[in-house]
């Protein structure tokens, strides 16, 4: 029992780190832009597909990771310029509607382009180590570390680069940021591209664990929403903590119930959060 | 509303209703069923207009109410002999109202996008429960049952035909429209609209805003459940797909396409969406066949998903016509 | 700074009208600020002084009339482009970035491209020279500064843009008298550096003392202008427009 518990702990942390990677992109986009990105899961899914294609063409997993990140970041920038920039200054609810439309388009495009059969991304290496009675793949630990590294990279970028300072300034006071000469519209496009690229990277990293199909984004976007709400919307550290917390509880729950039911546990976490701190969890509604 | 405008409204209402009553006579079977579907989805859209258009809350969780209406009806039709239409309605409404009360209690504590996300996640809770609780719900396969007769015990009993089912649905939807219209014009509806305009002020005047919101969500959920019951009766099954949040998203799309805050707009939006979907899903295979007749092989064209152009149209409407088709048409007419 | 410079209009506002929703805020405001000149803008609350500054900054776009910088119309240029053309903005409530450190607040004004690292350092050092208090607190979050320090930071931040003019909106509001003389000093520094200032103030003595010319606004229009030196003697005008 203890062994299983430890195994689930490791599983929970691994999945939690990927979730954190997805959710921090979502948090970044929400916290800075007031955009609730319904299409985030689809960017995750498209990243995985671009990874599949690049991997098939080049045979290099790491190149696939890089290409997927860049291609989807560029797609994110294009989506932002064409559909979200016109909504600047309108009620944030409009962004949910538009990104919902985008998710429909992207999901159906993927279904049409790649078909309903799941694709496989091979792990870049297949080594195992002994974890009690299990042969635990090294790759899983590498994913967790890579996700952590990407998030750390984001943090350093936000903390030290000029763009990072601009982004944080814009989060706090968009109007004043503009008056300081910060090119806010361009900055928002860059932020959306970064968040999209992060979603794509998580898609490629996670691909080897589950297989790639057109609907894989849905579960993730829902979980990421829960994480973002539980962690406090727009709060990066909060959503990382919430990602790990929620993945761990789901992992432990799967000791007793089937994995598909384990997600109910995160729903319950969400409801409890809403009950105990119905408003305190959120940054004040931006108005 | 002035007396003259009231008269014009009721005249238009009577004309449109009369047209809707006779419309199926000129239509083949397929389109009769199609018309019935439009009315049912229109009712779902209209129910969420109470929140979107009148209270300023966007629900992404109406699939839960709709789906529970379906499963409630299924429960009644599978457990009682002979299957009764009225029990199906009763069970469906009770199921939807219970879920609506539950969701309303939690979600109305939050505003704006937080409300939208919370309703979305709640609907997914019910989706997962229904999907995994195979013993009771049939899981992924859902539940199939036979259609009840239109009957009043001791008086008469008529099996539904496509035509009579259409009229029955039309009657229910028309009745719902009148009730919802009444609600939106009642003092209660006025408070909802004042919440939409300025929540803080409404609270300051002394209205218990949260309680009003809870009741609004419950009303809305009740009518969404009614739509679910009708859908179950028409299609003789209940399936988890209809609890999935994509259905909620479509309800929002109907609202935005048609124009929120009008009750009629969402029905127009549903009609436009479903017609476009039907047209586009036929267009691409047709184009492919035309192309192949001219010796052009365009692989994939026949299977091109209609949801791509539909999604793009929806995005364009959000960006360029924030008042929806009805609002757009109205402005054009006024110019 | 030469005499020729001084005679030429740096910023010219020509008959601008603005609306907030349906309410008409500015009813045709016209004024000008010459190179290196300190100009006061006085008037009671709600006559449109702050809106005039916002319109110059491009934060509010006039529905009629235009704002010219060095003879070029700013049209509907977004605020960030206007800032880069050399207009610094210090808003009424200071609006410093509270969670950013003092250095980071200043860095927001540095152009990401174009400006060399050496020049950025130089600018930072220059600003820290003017405001030694800020140098001491450079790694402290902006929100933890006192009111007076925040005001200095807001002005210092605008100076990072190397502006030709700074729009200063009620810099002494809510400050202790000791800090007011600091502000007076800062305005003198700006004058010495050749930066023009359009000063909106409630503090009439400070305005008359620091400004060369003064405009009076009433009901969304400029009603009167005079040299500050004439106004010292002419309390009637001040009384008429300000009720003091």
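First chain written, first letter: the chains are A, B and C, and each begins at residue 1.
Just so we're on the same page, contacts are C-beta pairs under 8 Å (C-beta built on N, C-alpha and C of every residue); 3 or more make two chains touch, one makes a residue touch a chain.
Because the structure is predicted, anything quoted here is derived from the model rather than measured.
Averaging Cα atoms per chain gives one point for each, and the point farthest from that of chain C is the centre of B. When C-beta pairs in contact are tallied for every pair of chains, the largest tally goes to A-B. Centroid to centroid, with C-alpha atoms defining each point, chain A and chain C lie 43 Å apart.
We define each chain's centre as the mean of its Cα atoms; on that basis chain A and chain B are separated by 32 Å. Remark: chain B and chain C have CA centroids separated by 55 Å (rounded to whole angstrom).
Within the complex formed with chain C, the residues of chain A that make contact are 162-163, 165-166, 168-169, 172-173, 175-185. Taken together, the chain C residues at the contact with chain A in this complex read 57, 59, 78-80, 83-84, 89, 91, 95, 97-100, 104-105, 107-112, 157-158, 161. In the complex of the two chains, the chain B residues touching chain A come out as 58, 60, 106, 109-114, 116-118, 120-122, 124-125, 128-129, 131-132, 249, 252-253, 256, 300, 303-305, 307-308, 310-312, 314-315, 318-319, 322.
Considering their complex, residues 36, 83, 86-87, 90-94, 96-98, 100-102, 104-105, 107-109, 111-112, 222, 225-226, 229, 233, 258, 260-261, 263-264, 267, 270-271, 274-275, 278-279, 282, 285 of chain A touch chain B.
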